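Each of the two complexes below includes subunit A, the first together with subunit B, the second together with subunit C.
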Partner chain A sequence: MLEISEWFRVLAETSGINLTIVYDAYDRERMVRGFFNTILLSGICLVLSIVIGVVGAWLQGSSLKWTRRIVSGYIQLFRNTPPLVQMYFFFFALGALMPRMQNEWGIMEPILSNWHWAIISLSFFAGAFNVEIFRSGIEAVPKATVEAAKSLGYTRLQAYRHVVLPLALRVCLPALNNNLVNLVKTTTLAYAIAVPEMLYVANQIWSDSLNVPEMMTFLLFAYVGLLALLVWVMNRWERSLRLPGFGS
Partner chain B sequence: MSRTRLEGTTDLPVLMPAADRLAARAQAERHLGGPALRLSLLHGCALALLIAVWAGAVWAQDTVAGEVRPGVFAALWQWLPVLLGGFVFNVGISIMAMGIGTVTGTALGILQVSKIRPLRSSSWLVTQFFRNAPWLVLLFYCMFLMPFEFTVLGVTIPFPDWVKAVIGLALPVMANVSEIVRGAIQSIPSGQWEAARSLAFSRRQILFEIILPQCVKRMLPPWMNLYAILTMATVLASVVGVSEVMTLTQRALAAESRTDLLVPFYGFVMLLFFVYCYPIARYTQKLELRYAVK
Partner chain C sequence: MKSRTYIGVGLIGLGLAATAPARADTLRDVIESGTLTVGVKADYRPYGYLDTDGNVVGIEPDLAQDAADVLGVDLELIEVVASNRMQFLEQGRIDVMIATMTDTMERRGVVEILNPDYYSSGTNILARKSSEFSDWSDLDGAPVCGVQGAFYNRKTEEEFGADIVGFTGTSEALNALQQGRCAAFVYDDSFLNSRLQEDGWADYEMPLETIDDAPWGMAVKTGEDAMAAFMSGMIVHWHTTGRIVELEEEYGIQPVPFTRRMHERYRGYIPDSGS
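Let's turn to the complex of A and B:
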């Protein structure tokens, strides 16, 4: 480990390729934390957006007209406005209206921090797409299957949970994968409201160490690697969930 | 696709009004050559209601504050030319990035179905790389690693930041267009390739004269979808300092430094994008339905 970091230090001195994140303990620690923050942010938003998608798709199948209208209004609003503007709207506009409270050092602080707003806005953004995706999956479930479940005495919720959703999940998994990959890419926007995720940390490091090209390249490959991993896992999952006779 | 001919006359008087309307609509669509864009009264009502609720909230806020200062609407009105100018700039960036991305992406997509293996795999790699990199990171990349001017043969060509933003946004668009083109080419039944071959068409002729013209129709909906996504992504340029609508909004808010303007101003930017992107999304849906292969 020490030799590797020494090698990178020598590399920086001889060739000018200055990867401080390998040999400088402070930068390394920052970068690792940024990396895990990105994973944490993506993970939380992933789960919340899927929850929003499932609940929203269920509400959209409701028999009440206004429930359906509100859900589709939410979808259209969040699909057709830029995620960055949504984030700014949440953080700067709504965040300014939130009540403040004292933190442990006695400083007045808004109840919801930039972390919370990033999670909220990203989840709502990805959730809007997920509702549509789940709805298309639900529509693909044969009506006879639902009717059979109903005739066996399932309530609407039970039939949704035990019959429709497991089948719909398999149908919409490819589209869901795409959207989740998109969500992980969109977490970079949290940079704009100073959430210390990978892009933000990289920016700090290149401001301190003046190694913009190296950090940029590292960042690009780190994201592509992270997303390749996600795509691989999701494809494995997709294959393991496949039911004979469903999908192609 | 069978198209039933709709006549204005029928034996059933009950059906007449709808039949009239449908016939008129079909006539209009035939005239246009595509589904016409229709924003119904309901959409208008919803928008009007939204604005009314917002105005009400703003009014209430203003009277509570009780100070003498220009109302929120007056402030917004004052800044409107600046903000709209910024938005037009956004639209301009999106159109330029889409143009560059479409041309390069189509070439890349065609290379992806090339017979030459290294060409095919390298274009696949480029496509996957730019498709999987976050837009903001690519934008940063172009912003910081491109020179601000070029000197070619003693002539200095300035390279302003918005040009770099256009290139930065065109890269992911290129990769996405490449995938759209590849998908469309591969969705054409392979029987057509074989039939054209048996008629002694060369590979190039088959691609450009038989396959691609059919692809255009299939590519249009995802391409328009991509354009809407790109338009929404132009806001990212504000993060790297291009003075588009978001930057201008923040400057306006900084100049006013009033907390009650935050919601209306950011809401206004959202509304601008919504008004621009929603019709595109609706039209895309219509086209998708129309071109859906059953």
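Let's turn to the complex of A and C:
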């Protein structure tokens, strides 16, 4: 291990390729933390955005006019505004209006942190797209199937859970994959409100060591690796949910 | 790469200076024409800013006025910014530049930076008075706002144990500090000083000893030896009399350690009364 890091130090001195994240313990540690923060942020937002999508799509089919209006208002608001603007709005505008609690430094701090706001904003942003994605799947389920379920005594919720959603999920999986991949890439925007994910850490490292090209390259490969893993998992899931006689 | 470019620019500057024919001496021209033209900042309170009537005022304009008074000429102030101040000197649009410029070797290759330096700024924190920080080590474990990319973020984190929360710009970081998301904001002390002048920051202070001091230099065009000698004399005079410390107090900022130290150093030789 020591030899490898020495090798990178020599590489920096001789070739100018300065990968401080390998040989400098401080940079390495913060990049590792940044990497896991990216995974944590992505994971939480993935789960929450899917929950928002499933619930939102169900509410969209409600017979209550105002429920449908609120859901579509939410979709319009979050789908039609840039995620960076949402992040700033949530953190600096809404965040300041939150109730405050005294922290250990004797300062009245708003209750939701930058982490919370990043999770809220990213989940709702991806969730808005997910609602529409699930809707597309639900609409692909034949009406006759739903009516058959209802005639068997299923309530609207039961039919949604046991019949419509499983079929809809399979239909919309490819579109859902797309959006989830996008979500993981969008987590980089959390650097704007100081969530120490990979881009944030890389930014500070290249400012300290002036190794912008190296860190940019590293970031590129790190995200390619991370997303390749996600796509692989999703593809396997897609295959395991294969419907005989439907698609390929 | 960068330093090579600077050296290149410096060499071109030196080359031009060496090949240029003997030309008029700015100091004599100023005295003959009766006007000294000085480039100052107009957006850096309290060093150079616009008052409510639109006049450029501040510590640096006052120093420029002193120099004009000694020469017995009128003063003309030209507003400059960081990206054009050295060009203005080279083009002869200003005779002297007093514009919050950090003294670096690269810049010494482009214009003539006068000795000694007249001011200095370093790193400090802005914190609530109620936080009662008195030493950098008090920041251990504290969330400290900063601006992404600032070189002292790492130092504040690594050496003093602070937890840096870096934002993309100063306005975001200051907003986060006011919202109570950080215990302090670490940045250039000159910037923080100017912030403390404004309304809304009465409950805040700059409680620590400034670190990582980098000096500010006045400058004249390369080769203007007479003007350089005169202005260097003025700077020594200001340090000797404590004029800069006086101006800092007049404009309501805490004198920086540098000006206090320079005043003490230049105040004069006091013979030892013993032996």
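As a working rule, the second predicted complex is superposed on the first by the 244 of 248 C-alpha atoms of A that agree within 3 Å, B and C clash if a C-alpha of one lies under 4 Å from a C-alpha of the other, contacts with A are read in each partner's own complex, and residues count from 1 in each chain.
Following the convention adopted for this analysis, a contact is a pair of C-beta atoms (placed from the backbone, for glycine too) under 8 Å apart; a residue touches a chain by one contact, two chains touch by 3 or more.
Just so it is clear, the model here is predicted, and its values are computed rather than measured.
Q: Once the two structures are overlaid on subunit A, check if subunit B and subunit C clash or fit side by side.
A: fit
Q: With the two complexes superposed on chain A, say which partner A:Gly43 touches: subunit B (first), subunit C (second), both, or neither.
A: A:Gly43 contacts neither subunit B nor subunit C.
Q: Looking at A:Gly73, would you say it contacts subunit B, subunit C, both, or neither? Reply first, second, both or neither.
A: The first partner, subunit B, only.
Q: In the overlaid three-chain picture, which partner chain does A:Tyr26 touch, first (subunit B) or second (subunit C), both, or neither?
A: Only subunit C is touched by A:Tyr26; subunit B is not.
Q: A:Ala96 contacts which: subunit B (first), subunit C (second), both, neither?
A: both
Q: I want to verify one number. Taking the Cα centroids, what angle sits at subunit A between subunit B and subunit C, in steps of 10 degrees?
A: Once the structures are overlaid on A, subunit A sees subunit B and subunit C at 80 degrees.
Q: Give one of first, second, both or neither to describe whether A:Val181 is in contact with subunit B, with subunit C, with both, or with none.
A: first
Q: Tell me which touches more residues of subunit A here: subunit C or subunit B.
A: Ranking subunit B and subunit C by residues of subunit A touched puts B first.
Q: Per the contact definition in the header, classify A:Pro166: touching subunit B only (first), subunit C only (second), both, or neither.
A: Neither: A:Pro166 stays clear of subunit B and subunit C.
Q: Could you tell me how near the closest CA atoms of subunit B and subunit C get once both structures are overlaid on the shared chain, in Å?
A: 6
Q: Kindly list the residues of subunit A that each of subunit B and subunit C touches, one partner per complex.
A: Touching subunit B in the first complex and subunit C in the second, residues 92, 96, 191-192 of subunit A appear in both lists.
Q: Tell me, which parts of subunit C touch subunit A in their complex?
A: Listed in rising order, the residues of subunit C that touch subunit A are 128, 130-131, 142-143, 145, 148-151, 153-154, 158, 164-168, 172, 175-176, 179-181, 183.
Q: If you look only at subunit A, which of its residues touch subunit C in the complex?
A: These residues of subunit A touch subunit C: 26, 92, 95-96, 100, 103, 105-110, 113-114, 191-194, 200, 203-204, 207-208.
Q: Using the touch rule from the top, collect the residues of subunit B that touch subunit A in their complex.
A: 46, 129, 132-138, 140-141, 144-145, 228, 231-236, 238-239, 246, 259, 262-263, 265-267, 269-270, 273-274, 277-278, 281
Q: Which stretch or stretches of subunit A touch subunit B in the complex?
A: Per the stated touch rule, the residues are 73, 76-77, 79-86, 88-89, 92-94, 96-97, 181, 185-189, 191-192, 199, 212-213, 216, 219-220, 223-224, 227-228, 231.
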